[in-house]
Amino acid sequence: MNPLPVLVLLPIMGGGLAWGAGRMWPRASPSMRDASWWVVLATLVVETLVLAMATFSHRAHAGPWPGHFAMPWIPAMGIAVRLDMDGLSLSLIWLSLILCFLCVLLATRQATAHAGAFRFLFLATLTGVIGTFLATDLFVFFFFWELMLVPMAGLIAAWGHEDRQRAAMKFFMFTQGSGLVMLLSILGLVITHYRQTGVLTFDYFTLAHTSLSPTGAMLLMLGFFIAFAVKLPVVPVHVWLPDAHTQAPTAASVLLAGILLKTGGYGMIRFNVMLFPDAAARFAPIAMGLGVAGILYGAWLSSAQDDVKRLIAYSSISHMGFVLLGIFAGSRMGMLGAVMQMLAHGLGTAALFLIAGAIQDRLHTRDMHRIGGLWAAMPRLSSAGLFFAMAALGMPGLGNFTGEFLVLLATWRISPLLATLAATGLVLAAIYALRMVNRIFLAAPQADTRPVTDLPSWQMAVFACVMAFLVLLGLYPQPFMIFSAPLPLPATAMAGPGGTTP
Amino acid sequence: MLAFSFNDTLLVATVLFSIGLAGVLVRRNMVFMLMSLDIMLNAAALVFVGAGARWHDATGQVMFVLILALAAVETAVGLAIIVCLHARGRPTLDADTGNLLRG
Amino acid sequence: MHALALLAACVTVVGAIMVITRRVAVHAVLYLVVTLLALATVLVMLGASFAAMLEIIIYAGAIMVLFVFVIMMLNLGQPDSAREKEWLRPRAWLGPGVLATIVCAELLYCTSPLSGAAPVPAAITVHDVGADLFGRYVLVVELVSYLLLAGLVSAFYIGRNRAGGR
Amino acid sequence: MAEILLPLLVLCPLAASLVVFISAGRMGARAIGTVACAGVGISAVLSIILSVMLLSGPVAGGLQVTLWPWMRVAGLSADIAFTLDRISMVMVLVVTIVGLLIHVYAAGYMRDDPGIARFFGCMTLFVAAMLVLVLASDLLCLFIGWEGVGLCSYLLIGFWYDDPANTSAARKAFYMTRMGDVALLCGLLLLACATGSLRIGSVLASVADGRLPASGVNVAAAFILVGALAKSAQIPFQAWLPDAMAGPTPTSALIHAATMVTAGVYLIARVHDLFAMAAPVMALTAVLGALTLLMGACTALVQSDLKRILAWSTISQLGYMFLALGCGVWQAALFHLMTHAFFKALLFLTAGAVIMRAGHEQDIFRLGGLRRAMPGLTAAFVAGASALAGLPLVTAGFYSKEMILSGVWHVHFGLAREWTLSGHPLWGIALLGAFLTALYIFRCVFIVFCGKAGTRAAGRTSRLMGIPLVCLSVLSLFGGVIEMPDTLPSLHLFSALLDPGTPLSHADEPVWLVLAGALAPLAGLGVAWVLWGRPSPVMREIPGQAGVIRPARTGRGMDVLYDRVFVQPFRLLAWLTRLDIPGHAITGTGRLTRAASAGILGVRAGLLDMLAMRATGTARWAGHLPGLFQNGRVRWYAAWIAGGLCAGLAMAVLS
Amino acid sequence: MIGHDIFVPAPLLVVSIGIMVMLAATAWRRSVGRGFLCATGMLLLAITVVGHHTGKVPDGGDSLFVQDRWTACTAILIMFSTLCIMLMSWRDAGVTREDEYPLLLMLGTLGALAMVFSANYMPFFLGLEILGVSIMGLVTFGHRAVPGHEAAMKYLILSGVSSAILLFGIGLAYGVTGSLRFMPPIAAGAVPAALPVAATIMILAGMFFKLSAVPFHMWLPDVMEGAPVPVAAFVAVVSKIAIFSALVRYFGTQNQPPFLDDILCGVIILTIMGGNLMALRQAGFIRLMAYSSIAHMGYLLIAFVCPGRLQSGVVSVYLAAYTVNTLGVFAAMDAFAIPGGPDGRVVAQWKGAFSSRPFLASVMSLMLLSLAGIPPGIGFFAKFGIAAAGVEHQRDLLLCFLIIGSIIGLYYYLNIVRTMMAAPALPSVKLNRQMRPELTVLVIVLSMIVVIGGLFPARAIHPFLPPPVAPSGTGDGATH
């Protein structure tokens, strides 16, 4: 059995089951776990097993990368379900699964109404994301890219907070609209290839060898870039993100910040840089400028927020600026830094959203002025919050720093000025992170704070796992760097000063 | 008797067609609109007959018959609708006023 | 062009103009009959005597009677005539007139260079038409029957529910 | 052996920290204190063992342990690796031993605080981070410790978070040091970029090879200097340290006096080879150090808060160290670092005990006459004060300061081709600083311990707190005899220890140089006695709110002099300090950022969001089209058809 | 000559016989149910005999009818749609229960089929009129009589004008070529170029009217709004398929005459933008669907102006997707209607549908998202095909408008979904919410088609990937 299609299909099937289970055996009491929750958990466990199999088994196959699956889909148009897996996709899938476990264990309790449907959409998003990470057929990639929007927007629109529907709409419109531009680029590439060779195919590896005119390559690259830039997000097109993150229910925020943003980074690495190396190199100064702008702008705005989730959302913009910077720094080091940053940010920000969600569940507000001083009441939650805030501000020894340092170093080689500016973002990061800490956790308790329950120990244990993972990423990233490096395209030399040494 | 060339036919038909069009556009009374429609259809029919004559082909007149049938059907249905609307409180037969369907 | 032909064409056009400018519906119907008769003349001159007969019998005869019948039934009288006058102010003619004129001009522009060597038209007899109609176009005739059936059913249904108003 | 012990050195406090954190709420105060002290204590023992191992080994080099590769990418290799060489050995000993003493003291001091677990967790974590900083053989690894100590400092300054002033002081400290950290990071980036590695040895070797252009060396040194300045609260980053006194006193002693703030000194000492090649930066370091020492001393003179006096004195003493570093006598800097750790920790701890017993009163003018109530503490404080002032021969501070002074006297900066700068003016400033040091610390001694009784003292100092004080007093008094000026019995144990190859010796040193160094503190002591030590002190009534000294009264000769010589310049300086421009800028940054980004938010709402909204708005406007076009009139519709036909014909025919 | 050797495509024959049978049945005893039953049976029969014909296939160009895979594809679509609409209106409360109704539906289908199969202007034009006249009758079947009649009136007059234009154009074409073969007129002999151009334009104008391309589109919303829901679906689906099928047949796979290029581009842009912009602020669901259908015709026309390898497949896939989605929307709307309660024709009535009627709301969302081109619906693949065709022909301008239009479209489709997700305004009145079983089946079947078609487009669409016109092209063989 090939694990790749199983990986993609399992979540949505499990989600369907969970939905059915939720309808058949609705929850008896709010405190009890219902059948659908167990179904989701079982799905994730099986998925993890399959993923472990995919990680450690080495099967013989025709693909250029460690994992490969191909099945004709629409032969008339040269479309096939081609799934390939290299370290980058593998590590991002691992990240997705970890975050899903987090959500299932810590956050889905929030969805009280129609829990089954909630879980279905949740797992459907996972399917979309995993499909996006695995697809090497451009059509299939686009299919999954669009597919993951729908359940996510549904999650936001149906289970979100006050202004959820507008946020969901904004999210959907931005991503879908930019996706259409990418569609045109995909088609442009395919048809250019068709004109040259007479072969109509959407195969990533085949299309990589299309020879393009500089202008054409630039245009096609820009089409991809726009879609990924919206998802990442890059500064001028980030408008959807704060709303979506803020309004989404906790689990959706986690998925959104933890994984969906990563699909943007993944796409930039996989498609912008690897498909169009020359155009990407020419575009790099602009992209890096945008990255720095994102770092500073995101951090700056983050430090002006009163809404916790909004603050975290803007900090995500800042962190994703590093990713953009690293991807376009043109060296393997920057790329690795970007990947590390994605992994670390996925974990850290997801945990922060979970904490913010836990606070909101207990205090029914996200306004930092009204939260105030939780340490006395909830030392566990607060210490976890403190830890992840430190991770967010780039404390060395935690995962984010590894990524940021590599990115900065790679940037310094290109332009010390940009690197210095980006490093300034770290000061701003300290400002927003500490502001959050000193408003929420380490502050005088609010007079009207009702007695609240702290996190139970088992939840704390889950958080501890994440912390341990972040520390691991921060102190011993080498295996992850080797593991999660994007593999070069076969038969083409990866351009870049880094060469191909892992 | 064959005094008309195709060209002349076209001339007459075009003018007739335009008059019919103008009639549809300018009249607010639905009965007049139907009459103008008939004029337009007749213009089209005239073209067919003229063309049939030009190619010496009976098909043109076959088309004429078809158009005649169409005109009959349209007139019948149209008048039925007019009568119906008239019966339901549209005494003026004005096509412009009392529109429920708009926007 | 034959003088009679010219006359017939002129009558057709003038009749049509009268149709669309009349205030009283019955007058318009009468002018329409005149137009159709003149058109029948034109058809005859095109060698299509069968078509001309149909024009007179069915169009001027049957369809126009339908019009007259409906007009009588609706009892359009003096107030309607006054209202029509109100509606037919010169300003109302401006837009439609211009549009129709432009369409006419464009069509004429398209057809005008045609006035050169054109094949001489010849008469087509009833026989020719009949042979075609029930020969190669028999299916078309069948389709026309369905068209008439559709019109029949529609008009029947619409007319039947006239009084209902449910 | 060393491969196990060296990581264990770091691991012990770390483990203690984890245990304390995780068991929060389940362990009693005593148990927590025990665990913390045990963790640090084991470290101290280990450090001594390791020092012995190091010193018994070959002279050059040190104990190296590479734990695991951290980042190995093309163009960068960084390891998690520890080195124990002679420089770090000194520092490790200081950190662990002083740390242990302070932990023991704190176990008594913090006994009744509800947040004791958090306190000891942070303290032990701090020791661990500090040890990482000290032991790191890789600059990037050092950076872990560097930021880690900053974090602990932040947490401990804001330990009593109920008061917003404390948390804001904590944040101020973090922001300011963070700015320096970013500069340091930039320096690291530059070095990593040029050399491909951040291992200190290889970086210095590359620099020595000339793989880095001179400008690069200067810039890198400048970046590192900025980082060090921020960490050590030197001009222009001095503002955070006095505020940092908001933390518990053991914190102030350990972090903000003995160890963390000296990290900057340590860092520069570590990379002194790099600095040696960057003459302008050296000069800058020296000048900034001199300015800081003078300013710190001046400001300390007019403070009234006991802990703030000590804080400013710390700044001033760190200025000495930077002066020494700038003058290339990094051995002297480290020596002073060590002695300063002893006596300043002693001073802080004693002050903490005094304040605690005096009912948490920190204003020196409200204290007073405590000599009788707490003789032991008085003795300890006087011992510390003497060491700080550097009273000749009997205190450790004298020897270390003397070493700095002699180093400064001999220095010559070759800034550019013919621009040289003699060290003599700096020497003068340092000497003046020595005088002022004695003046302000004995002002403090006389006001607090002599004279009329102020607040009533209560309770007594527990033995747990007493023992460290005794130990530190001994160290402060006698810890300096391992290095003596040539004029005295020429003893160079310390510098020989640090740098066995080139013993620091100035044979041609004039005797009056030592004499001047010895007399200046004495003069300070005398003046202080004159001003504050007599039964009716001249300056007694001056309200001590920093810098707001009433205009000197006429008719008292000494006052005029004092006013002219000290007060006016101090007022200026103190006014400048009080303005606290960078400090305000930093604390203000939060508010400023908020204001500015609120502005940006407005702009954003007006720009990006509004653009998005405008787009939908346009679309909505377009949504009104139905009303315009689709008006329900058949004739209108027909006109469109005719118009369409018209246009189509026109386009097709006329084109 | 008259007899068994006349070439008639079987579906046409079956449907017309069906009409006769229904007439006979009506003459025997009037019964609505029997009419529906008879019609359904005949349609099923007709679907099964698609591809068959009587007589021998004429080889010359003089045939009235033509039959190939393209006709089979569109004929199946048409009959399938009619079948669905039959099912929808079987016991629809919004439709007057008269036995003329199934008869007119069948007549309309016959007209549409005639258009599809026609290879000659005559059956094309007659089919068009049969369809039109049937629609005139059908729209009056609602209970709200006046809007129905008003709609019929508008349709009558406007379609009369367009028919006249079309006929005039055909006449000109006939005058130019001397033949009524269903293809663009090519100047023969001394006839100047302007006349065939004018003829083509006028024929196109007539076709665009039926297709409701933008300057000629205004009847569609009014007519659909005035009609009962199933009839609106009929108008939106069947007549569109038929006319588009004819349009493709008319121009074939060859490039359009160059003079048409600007006009077509202009019409496409106007159609896309007009349809989408007008749909933005609609409160009426049917009206919104009408405008969205106009926009979809615009998208389809993009494929139409990009002839070649992709065109036939793309057009058929898009038509199929559009058909199924639109039918789904209308079926859900029909199922939403409760006698004495909301009839689902206003978007606001759908507020809170996700909580009050989750199944219908889910189906509706699926259909709307598929219309918007979001996976996994079949509409995604369809739009992908359109874009592919556009990129292949480097229709950059049109593609820009495709994207802009899609985004606007997404907005109003999502707005409906949003409305459905909102909390219901009022505590819902206890009404009988039992859905008619046949509607449930229909809705489920349509949803499955949408999803399966989206997931396995190749399998689902394989029969729809024919060369549209006589197998002249060589490249077409590769498409299946």
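For this structure, a couple of remarks:
Order as written gives the chain letters A, B, C, D and E; numbering starts at 1 within each chain.
Just so we're on the same page, contacts are C-beta pairs under 8 Å (C-beta built on N, C-alpha and C of every residue); 3 or more make two chains touch, one makes a residue touch a chain.
If you're wondering where the values come from, they're calculated on a predicted model, not measured in any experiment.
Among the remaining chains, those touching subunit D as well as subunit E are A, B, C.
Discounting subunit B, connectivity by touch keeps the other chains in one piece. The most distant chain from subunit C is D, comparing centres defined as mean Cα coordinates. Averaging Cα atoms per chain gives one point for each, and the point farthest from that of subunit B is the centre of D. With centres computed from CA atoms alone, A is the chain lying nearest the middle of all the protein shown. The greatest number of inter-chain C-beta pairs in contact is found between B-C. Averaging Cα coordinates per chain places subunit A and subunit B 65 Å apart. Once the centre of each chain is set as its mean CA position, subunit B and subunit E turn out to be 26 Å apart.
Centroids built from CA atoms put subunit E at 42 Å from subunit A. Distance from the subunit A centre to the subunit D centre is 39 Å, each centre being the mean of its Cα atoms.
For subunit B, the set of residues that touch two or more other chains comprises 6, 10, 17, 20-21, 24-28, 33-34, 45-46, 50, 52, 54-55, 57, 59-60, 62, 66, 70, 73-74, 77, 81-82, 84, 88, 95, 99-103. In subunit A, there is no position where the chain touches two or more neighbouring chains simultaneously. With touch defined as above, residues shared between interfaces to two or more other chains in subunit D number as follows: 626, 630, 632, 634-635, 638-639, 642-643, 645, 649, 653.
A list of each chain pair in contact follows: A-D, A-E, B-C, B-D, B-E, C-D, C-E, D-E.
The residues of subunit D lying in touch with subunit B in their complex are 626-627, 630-635, 638-639, 642.
Listed in rising order, the residues of subunit A touching subunit E in the complex are 72-77, 79, 139, 142-144, 146-147, 149-150, 153, 157-158, 165, 168-169, 172-173, 176-177, 180-181, 183-184, 187-188, 190-191, 194. Residue ranges of subunit D in contact with subunit E, taken from their complex: 616, 619-620, 622-626, 629-630, 632, 634, 636-638, 640-645, 647-649, 651-653, 655.
Residue ranges on subunit E touching subunit B, taken from their complex, read 122, 125-126, 129, 133, 136-137, 140, 145-147, 149-154, 156-157, 160-161, 163-165, 167-168, 170-172, 174-175, 178, 180, 221-223, 225-226, 282, 287. The touching residues of subunit D, when paired with subunit A in their complex, are 21, 24-25, 68-76, 80, 140, 143-144, 146-148, 151, 154-155, 158, 161-164, 167-168, 170-171, 174-175, 178-179, 181-182, 185-186, 189-190, 192-193, 589-590, 593-594, 596-598, 600-601, 604, 608-609, 612.
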